[in-house]
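The same chain A turns up in both complexes below, where it pairs with chain B and then with chain C.
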Partner chain A sequence: MTGKERVKKAFRSEVVDRVPWVPFVGCHAGALLGVSAEKFLKSEKLIVEGVSKAVELYRPDGIPVAFDLQIEAEALGCDLVWAEENPPAVVKHPLMNGTALEDFRIPNAEDGRIGLVLRAARTLRSEHPDIALYGLITGPFTLALHLLGTDIFMKMFDDTTYVHKLLAFCKDVCVAMSRYYIEAGCDVIAMVDPMTSQIGPDQFTQFVTPYVTELFESIRTQDALSSFFVCGHAQQNIAVMAECKCDNISIDENIPLDYVRDECEKHGISYGGNLQLTSVLLLGEPIDAQKNAIACMETAGDKGFILAPGCDLPYATPQANLTAITEIVHDEYKRQVAAQVACERSDEDRLDLEEYGKADKVIVDIITLDSEACAPCQYMVDAVKRVTPEFQGIVEWREHKIKYRESLVFMTSLMVRNIPTICIDGEIVFVSRIPPKDELIAAIQKRINEKFRLRIQQRKASIYVLDSGCHKTDAMEENLKTAIRELGVDINVEKITDPEVIQSYGIATSQTPAIVVAKYQVKSLRRLPEVVAIKEWLKDLQ
Partner chain B sequence: MNTIDVYILTGFVGAGKTTALNHLLQTEPLASANPALIINEFGKIGVDGALVQKQDLKRYDINKGSIFCICTKTDFLKALTEIAESKCHQSLLIEATGIAETVDIESFLDAPKLKEIYQVKANLCLVDAANFTRIAAFLKPAKTQVQYADALIVNKCDLVSESECYTLAKILENLNPNAPRTQTTNGKIDTDFLADIRHNIHNDKTLEQPPEDIIAVSISTEKPFNHEAFYRTLDDLKENLLRLKGNVNFNDGVKFVELAGTTITETDPSEELTKQNAAPTAFTAIAWKIDTEALKSTLLACSS
Partner chain C sequence: MADLKALSDSIIKGDQKTAVDITKAALDEGMAPETILADGLIAGMNIIGTRFKANEVYIPEVLISARAMKMAMEILEPKLAEAGVEPVGTAMIGTVQGDLHDIGKNLVVMMLKGAGFKVTDIGVDVASDIFVEKAKECGAQVIGLSALLTTTMPAMEKAIQAIKDAGLSTKTMIGGAPVTQAYADKIGADGYAADAASAVDLAKSLLN
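Right after this comes the complex of A and B.
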């Protein structure tokens, strides 16, 4: 199944072999090429190169040609201010600056940057025939705000007729733009209308529904698919959006995915979203991106869902965060691992393993998915199994299969994030790599030496001289002190004469003078050790 | 660790935010706390900036036309991080666009690492007395900005009648009963008023019921309205109706009716407006404490 087929099936709410993945790469493709957003969005050649680069890196099922909601506005005479890392912003609204609504003409396919974007779409179409190409158009309400500014909210009361005329014009622009994109080979028309999140369902029904419904109908008659993109706090409008007869609704993290799923299923349409753009994709780690993707996939199930970011990807989104998602989309096994890790819910579930590894034996933990089912896991377990006998009982190994909950808690407590991993005394040593025998032995030996050193440093001892008044005791005490002095060790000598205490050592007064040696070892300081850790110490005492 | 005190200014375009901002910058506690400035206005780069008097201020414009609130988040976090890292500001003033959700801005400040540095001192919402009820029916954030404010500054009271001002006070009281309110005619905020503001005051008293919504309905019909019955209905709805504007096709001719506060005017409609309207009756009413359907059917009941 090609990506294009997968996206199309998902749009029609049919079961697919795996979730379709559509990263909304906009100016982020500029970052992939090392050029500014401005340079990127103004060049046909760079758009083709950047999107192709994203296709190569992220192996998507679908991708937008250009994510820039100012293309139509610019062609209609809005002044733009460009930025290094953002799409441009509209800074002058023509209808507020002397242009009359009647002066506007529907942009033709060559106006402004429309021509270069369409040419880029054609090239991308021929270079990537198997990917669903998304043509992005600015929705009528957002385009109206570009043209008129926030005065539109005043005019909704003051001059309803004018607002309707403006929106009807913007809809005509949408219809023309969608036709251009479909002719250039796009499979999906994504109508992006984020500004609708600013109004309630009553106003939506009055000012948006009639126009977008007509637009989606026109897209349908051209045999293309339609998606309604919204972002922001738009939950109140999802139900009325779903009634506009689009094929798909795409949302961001401001709306719970399960809510959108239920609304869309009710209307028999598909939906997409809602990977978190800033906190996860931009600022998070690859594992966070995977967890977020898995949470979306689990909520969505196996049909009618497109995995996508909530909106245009930030310019500086780390590639690794997106490739991490690509991995779990394409690789069932990696998805399982990430899914297990994703089960980790809260910090309360973590064990405090600060004390782990203070037992006499060295403990080698192997964190696996399941060594019987996962080949790399099995090799790793075998590698450890082979070397431990060489340490003659000083080294103990255990496998933790994260399909079991307690193993998962153990894994997260040790901050392990990859499978399989070898930890030695609670420290991550080998990650996703089966160490050669010598290397593994060296690592374990290193830990043994370290422990030995620590033990010498940490242990303190007392020597008790049990005395019931025998004349030999003084000489005995003297000898002890001499020995201690000559060795230069810091050991306390204590004389015990209380017969009850002497008996508590299991020694009868008739057996005195006697010497008892007690060694102390600091096992824990200022914290509550976990039962697993205490058990290890107790084993040493037996 | 040095913390930075944050003052947030919200309100729709025309509510007097820039005047208030200039005023705040010149008064304590901000004047001596080397404030940084974040301006997030819709499609207005540089415009407000030119009006901001103290030119040596460190300023960050967050724009993108505010189209994607989430992308704005990225820029916000970037600016907040830069301001924190520069270590030379003890205060921060944020002028938010009229279409921003206050909760979003506060959540940006609550991000890991930033929340230890930034402390919101006050979230002030400027309310345009002349236009609030007109906007609030259509623009969601106009209401939520009031709801989440620590204090409300009602500007331009001189432009409206006393009764309108009174109704507005009732609406604001209903939306946010905890926030202290003050009136101003020029965006200047009394220092004593500022000193008493506490953050998150809207949590003080839990509302027993959600605030009354401000709604708008558009009526468009071919059927003529009974002149007398229409005005009787307007009078019956006087507790609810905030505004009404448009053409009404009375049995004795089409009239342009406008209601603002308690004043009703009836004039001959402009040809332009009559030509544009598909139906002879086309007006919009804004009301509160009544639901859309009830308002619609009550108004339509005067037509036959």
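Right after this comes the complex of A and C.
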């Protein structure tokens, strides 16, 4: 199934093989190319290059051509201020500065930046035939705000006729723009109308519903799909939005996804969005992005949902956060792993494993999802299983299935991030890669040698002379010291006279003088070893 | 006698003509200006603020209420000054450097005015040193900083730092779409408000 087919099926609320992924890459594509938002959004060539780069990196099922809600406003004479890392902002509203509504005409396909964006759309269409291309248009209410400024809010009470006239014009602009995009090859027209979040359902029904319903109807007659994008706190309007006969509603993180799901399902339309733009995608870690995506997918189920950010991706969104989502979208197995890791990740649960792996035996830990259920995990476990007998009991292995909580704690304590992973004595050695036999043997052997060297270095001994006041003791101690000196070894000689200590060696005072030799190894300094580590030392002593 | 309940209702409805008429009539009757302010205008704005927080009304309704309040205040203000009535507090609001968005900021300005604050609006794209300079000028007890863009959030931190470095004892509060309480804590702002009505409550609590 191609991305385009997948998006189309999801729009029609049909079951899909996997969730369609539509990263709303706008000026972020500029960041991918290392150019400013201004340069990017003003260049046909850069838009084509940037979007293609995003397609290559994020392997999406659908992608917008240009996410810039000022294109129509600019063509209609609004002054823009450009920024390095943001789309431009409208600073002058023509209807407040002497232009009359009657002076406006519908922009043609070459006005302002419309021409360059449409040419970019055509090129992208031919270069990426299998991807759903989104043509983004500014919704009538937001466009009206661009043209008139916030005075529109007062005029909605003072002069409803004027506001209706203005909105009817803006709707005509929308219809024209959607036609241009569809002719350029776009599959989906996303009508972005964020300013509708500022009004309630009554005014929405009065001022937005009639115009957008007509627009969606015109998109449908051209055999294209429509999506109604809103952002901000717009929960109050979801029900009335769903009645506007769009095919899909896209929301940001301000509205609970389950609420939107229920409203949209009631109206037989699809929905999408909800990935958190700032706190997760921009400022979070890849694991947070995966966790967020999984939460969305779990809420949404297997039909009628488009996995997408809440709105235009911030310019500086780290690529890794988006590729992390790409991975779990394309790889069912990685998704399961991420789901497991995501559900429990509390730092308090972490074990201190600094002391782990200091026992005599070498321990090979395999962190898996479950070797019985996941093929890569199974192969990794088999590889270890085959190799360990060659070490004749010196190497012990165990599998940690992270579907169990204690294994998950163990995994995070060892700082393991990927599944499956092989750790040798608590050190991450093979990540997501099944090692060939020789390599695995070499890695284990290396650790054995290391340990042997350490043991020689760490080996210490003491000789205790147990004395209860016998005259022979001094001569005995003297002989010991001579022997140690002549051999040149580092052994400590200590005389013990406390009867209780003498007894603790299992020797009666009548049996003295006696000599006890003790070999010892320093295992832990200044920290509290975990029980799992202590157990390994104790096994050595038996 | 002038009906202050009717005055408060006219504010809630955003009926500026009635609001002005009742205010005038009340003053003509010799009613104390502070009573008209508290029991008529502020009482009405409080109700609008509560409804806004509860998602019962939205920005357009708040704006027309604020406009009705403003018209009535133009008549009332000189009388309040004559009577020596002090504002609830002195606030200053601006959108931080690099950010041109002002809908949210304007709403906070109106709501604060509606709650009886003296408010100085220093506009959009305001640099840190201007925040400091203007705060000194107007003697702000509380400064509100607004940002809509993720990329301009760091400018909030800068401005708050500059306010602290200048040794001003002014309280700071932040708001705007990408901003959170956690961010406020991180950059050392005294408070965060999720919407304009909450901003009024926050400003009041910061002054206590």
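Please note the rule applied: the second predicted complex is superposed on the first by the 361 of 542 C-alpha atoms of A that agree within 3 Å, B and C clash if a C-alpha of one lies under 4 Å from a C-alpha of the other, contacts with A are read in each partner's own complex, and residues count from 1 in each chain.
In this text, a residue touches a chain if its C-beta (ideal position, glycine included) is under 8 Å from a C-beta of that chain, and two chains touch if they have at least 3 such contacts.
The shown structure was predicted, so the numbers you read here are calculated from the model rather than taken from an experiment.
Partners chain B and chain C clash in the overlay (superposition on chain A).
Judged by the touch definition given at the top, the superposed model places A:91 against both chain B and chain C. In the superposition on chain A, A:165 makes contact with chain B only, not with chain C.
Once the two complexes are laid over each other on the shared chain, residue contacts for A:253 go to chain B alone; chain C is not touched. Looking at the shared chain after the overlay, A:157 reaches both chain B and chain C.
Of the two partner chains, chain B and chain C are each touched by A:232. Set against each other, chain B and chain C differ in how many residues of chain A they touch, and the higher count belongs to B.
Of the two partner chains placed by the overlay, chain B and chain C both lie in contact with A:81.
Contacts of A:306 after superposition on the shared chain: neither chain B nor chain C is touched. Superposing the two complexes on chain A places one region of chain B into the space of chain C, and among 2-10, 218-226 or 290-298 that region is 2-10. In the three-chain superposition model, chain A touches both chain B and chain C at residues 81, 86, 89, 91, 150, 153-154, 156-157, 198-200, 203, 232, 236, 277-279, 282, 314.
Across the complex, chain C meets chain A through its residues 14, 55, 57-61, 63-64, 67, 98, 100-103, 106, 149-151, 177-178, 180. Residues 12-13, 42-46, 63-65, 67-71, 73-75, 77, 98-99, 101, 111, 131, 134-135, 137-142, 215-218, 243, 245-246, 273, 276-277, 282, 284, 286, 292 of chain B are the ones touching chain A in the complex.
Those residues of chain A that touch chain B in the shared complex are 69-70, 81, 86-87, 89-93, 142, 145-146, 149-150, 153-154, 156-158, 160-162, 165, 194-195, 197-200, 202-203, 206, 231-233, 236, 252-254, 277-279, 282-283, 310-312, 314. Within the complex formed with chain C, the chain A residues making contact are 81, 83, 85-86, 89, 91, 150, 153-154, 156-157, 198-200, 203, 232, 235-236, 277-279, 282, 314-316.
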